[in-house]
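First chain A sits with chain B, and in the next complex the same chain sits with chain C.
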Partner chain A sequence: MTVIYNREDKIFRGVVTGGALTSLIVLGLIGVFLFMRGAQIFGDKGIQFITGTNWTAGSGDGVIPDDFSIGAMLVGTIVVSLIALVIAVPLAIGGALYLEFYAPRRIRRTLVTLLDLAASIPSLIFGLWGIEIFTGFGERWAVLINNWLGFIPIFSVEFDNFGRSPFIAGCVLGSLIIPITTSVAREVYSRTPRDLVDTCYALGGNKWGALRAVVIPYGKSGVIGGAMLGLGRALGETVAVYLLLNLVFRYNFRILESEGGNVASLIATKFGEATEYELNALVAAGFVLFLLTLVVNMTATTIVQRSTPRA
Partner chain B sequence: MSNTSTTVSATANETTAFAGLETRGAHAWFGKHHALRDISLTFPARTVTGIIGPSGCGKSTFIRLLNRMHEFIPGAAMAGSVLLHGNDIYEPTVDAAEVRLKVGMVFQKPNPFPAMTIRENVLSGIKLAHLKRPNHDDIVENCLTRAGLWKEVKDRLGASGGSLSGGQQQRLCIARSLAVEPEVLLMDEPCSALDPGSTLRIEETIKELAEKITVIIVTHNMQQASRVSDYCAFFLTDGGPGYLVEADSTRKIFTNPSDPRTADYVQGKFG
Partner chain C sequence: MSTTMSSETAATVEPQTPWSTPRAIRIRTTSVVALSAAFAVVVVLFTGVAGIDGWAITFMGLSIVVVLARTSRAGSKERKDALMRVIITSAAVTAFAPWLSIFGSVILKGYLGIRPNFFSQDMRTTTPDDFLEFGGALHAIVGSLLMVLIASAITLPLGILSGVYLTEVRGRLTFLVRFVVQSMSGVPSIVAGLFIYTTWVTATESFSAFAGALALAVLMLPTVARTAEEVLKLVPEDLRAAGYALGARQWRTAFMVVIPTVRSGLTTAAILGVARVIGETAPLLLTSLSNSALRFHPFDGPIASLPTYVFGYLQIGTEYAIARAWTGSLVLLAIVFVLFTLARRFGGKDKR
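Presenting the complex of A and B:
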């Protein structure tokens, strides 16, 4: 069947299609640019580029050769982001349930406004807060965790220095993504069909029962989607991590250890004084990060779409 | 004619003696909006009462007063009393959740819990209200049988409730309400979203249920009211709060009502 558009419809259709295509084209061009600039590195290093842990700028005369790979930074990216998720998701779910089902109407309105405001605070501010204020608390928590759970490898440390660790960076990133995650979770919970909740009450259940039987299962995939959006932001976070972590090029799974880094902060750190070849390596690192966030965000969108209630 | 009316009132008086549920001077408000005015009605035990009337006359509001679901709407208020076995369910010492265990409810749209299997749906009330009941298998079979669904689903109790047809889902919802052993079952237009065949099945179920429990059903469908109910209460609104025009045996409401407006409504002259 052919759909026939009249002239007005045609023009408007063209305008909106153009708008939609523009963002796709821009995204595509970014991908192509990153890949082309990075292609040389991928050719030289192959898979080693994402598994190796060295980032050495050569001496230029060949005595010390260039050696660039981002394995350690990729691990750092993922570790810090996962810590952020572990901290942010439970708090976001609790906050969303409170806002939607417990908060008095006036408090809810104020808190939702504040939450949206918090979502728009630049990450630099979070980074500064992390360094100036949070690190003091974070170090004490880290000592406690190390004392009680130090026998678990990820909580052990080599040196008794608890500052500037993936744990602290993860906590700060967690605070950074709480607003967006809470916001999405609240949106999803608010779409729970009212009569399902009513049914729980009509069966003699209380509010907690209704939340457990209906609201939380109903919103599950939506909340996962919200968490993935937060994860997408945490993966690409640059400034806060740049301020909070010492770049150390080795695989670090000990989250309380004072070393780490992520891909985005690597790029920010090295960009200023990079040679042509190192610049290509940084762009290649950017391409890997680009793919990673793209995959995470697409997964998130798919999950959120699937969770949209079927009427 | 005078003969008939005496018989009816005699029957009414007789059944009042073991009344299951009763409202006295019940009013309802939503904020400043006065939704229901001075409803006094008696629901004899183990009968089916149909609540009929045009849209917006407060039928649903009224039955939500009967199990304290009304109070979940922000700004909702009520006055008067609702007596279950002579005890006011709105007494400050009464636990609303306990009231709702005794006065169950089936909603307009079939709404099995989507994340649960058929079996889990039936048992959900027991879990929600933290009731200690042995023999869950027996409960599932018994409730599904009473709801007229057992034969159709006995081999797939582990399937999701959402996999059933609309009519089956509504019978699953009835089974779910029965599992906590209510004495009264409120039904808010339970067939309005269903096809005629499913509607007929639900009506048969309602008649069977009334052998053991009291059923109060809101319906827009006059034929349905005349088919399933023993008594009928006709509500109306003149733009203000809804009120009760008359309540009597279904036969009298449909053949010889006391109020001309009832006659007009049941004959389809308005509404």
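Presenting the complex of A and C:
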């Protein structure tokens, strides 16, 4: 079908296309500007910028040279996000299955509303809750884990100080991404073809049989996509991690130790007191974070779009 | 029902619900659950397991044991079904616990500071350690509203245009635009802050409400664009066809038929966008900073906002400062809640 547009319509289509492309332009500009500002650092440090662990502001007179690299923070980012994911994904799947298939109709509507609301609780409030309320519980669990599983290297500690650890930050980040992961998973599960589920029942299957044979396999890629959206959010989380972790610049894989940090909280911490050169280093760190989350999110988007033919 | 009764009043028939659980079984289930819960309390009181979390874990463990015991004579299929029911319910309770706890603690700890002065004074002449009768968050509320308004004014038209492109124009770039919008929603908020810092703040050499609003706009755009698209998709094809049949051009149909039809849906898009960014802290730390005085000027120097207010007082860490942070959080949460209720109300209107 060929459609012929007159001049008015061409203008309309041009304007609308322009408006729609702003997001593309903004996304591009973010990349370009951050890269330009950070280029100096990338030139100076090369690959060392993402593998080294030091973050030392020089004395200015050259006696102590500037030395900025984000290796430790990148590892911290990944460790904390993985903990969050390990906690959040099973719980979110359970929550979604419960809401879709087990919850009594009356409390289901309330819970779904609350879930939507929970997905937009600012991360700042999660941070506040994390230090004021959750840390008490988290420390106790950490001690228990350390007592029983301390022989496994990642659960060992150097100092018996269990607060402000990647484990606690990971738990809070896990709670932070549960709502979004749950609601994506629920969305996908609710699209399971009803006749397939009914077929299961008709063949004499019970609820778990139907879930295992139909619903869970059907929703698999959607849940993976939802988990990756959550991962993207956890990777870029700033204030909650800032409030919950001591920034220590060294590789730390012991998740109960009270040291860690992530790239985003590094930026927030050092921003206020940074020299011009350090600021460039922070922007460079932001660029790395931007690329990391962009890759994760694009993968997630592709998976979700493929799994939901309608969207 | 006795036969004598039914012969006298033959017309009354009790409604039967054979599919629902019989009363006896319901009572038995409830009592088993109550007993396990009580036993878990005993465990918490007399063993090393402590706290509400310890109780919950004991209770869940007990439930699994009870289920296994009760289905010991059933087939493995029934056993698995009953077991998974308990496990999935436990997972759901654990998943919902954190945010229920957040709602609860924010309300309980925040309401202490809810006083008239919290909404009518700024913190210019109040130190963080002053009693809660003095000072307030007026400056922060005003700052937040100012920034959110500017951000909405920027993103709403762009978001609607993007939605119109995806549903009306449907050009060659549809897939790309949708993909980019989706990916953009994952840009970390601190990166948005850094972006505005390296561009606007560096260029104008001043932190300002406008810079903060720009950063918020970057974060808000994907939400608004996506919701606008969803809403515009709901417009029936017939309406467009009717527009064209009346001789209207595409732009007229779009602006005079399609968009007015979903006016309240687009309001929802804006509201959801605002709800998305009202609590963003990280970008504001790099663009608008904070301030203890009431200000209105969007281009002139640092300005307060609710998130940075909460963040700042939390950092100070004294008793009253933290109380102020909780109250600030309560106000923030209340705003999000109101926005959501509004969004639901507007969202419901179009569907009818």
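Convention: the second predicted complex is superposed on the first by the 292 of 311 C-alpha atoms of A that agree within 3 Å, B and C clash if a C-alpha of one lies under 4 Å from a C-alpha of the other, contacts with A are read in each partner's own complex, and residues count from 1 in each chain.
The rule is short, and it goes like this: a residue touches a chain if its C-beta (ideal position, glycine included) is under 8 Å from a C-beta of that chain, and two chains touch if they have at least 3 such contacts.
Here the structure is a predicted model, which means the values were calculated and not measured.
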item: Room on chain A for both chain B and chain C (clash or fit); value: fit
item: First, second, both or neither for A:L173, with chain B first and chain C second; value: neither
item: Touching partner for A:G209 - first (chain B), second (chain C), both, neither; value: both
item: Which of chain B and chain C A:N297 touches, first, second, both or neither; value: second
item: A:A281 touches, of chain B and chain C: first, second, both or neither?; value: neither
item: Which superposed partner A:V188 touches (first chain B, second chain C, both, neither); value: neither
item: After the two structures are overlaid on chain A, angle v-u-w for chain B, chain A, chain C in degrees (C-alpha centres, nearest 10); value: 70
item: Of chain B and chain C, the chain that contacts the larger number of chain A residues; value: C
item: Touching partner for A:L124 - first (chain B), second (chain C), both, neither; value: second
item: Minimum Cα separation, chain C to chain B, after superposition on A (Å); value: 5
item: Common interface residues of chain A - those touching chain B in one complex and chain C in the other; value: 206, 209
item: Touching residues on chain C, where the partner in the complex is chain A; value: 50-51, 53, 77-78, 80-81, 84-85, 87-92, 94-96, 98-103, 105-106, 109, 157-158, 160-162, 164-166, 168-169, 171, 173, 176-177, 179-192, 194-195, 197-199, 218, 221-222, 225, 249-251, 254, 275-276, 278-282, 285-286, 307, 310-311, 314, 322, 325-326, 329, 332-333, 336-337, 340, 344
item: Chain A to chain B touching residues, read off their complex; value: 105, 193, 195-196, 198-206, 209-210, 213-214, 217-218, 220
item: Touching residues (chain side chain B, partner chain A) in the complex; value: 67, 69, 72, 74, 97-98, 100-101, 104-105, 107-109, 111, 113-116, 124-125, 127-129, 131, 173, 176-177, 180
item: In the complex, chain A residues that touch chain C; value: 5-6, 8-9, 11-13, 15-24, 26-27, 29-30, 33-34, 37, 90-95, 97-99, 102-103, 111, 113-118, 120-129, 131-134, 137, 140-141, 175, 178-179, 182, 206-209, 211, 229, 232-233, 235-239, 243, 264, 267-268, 271, 282-283, 286, 289-290, 293-294, 296-298, 300-301, 305
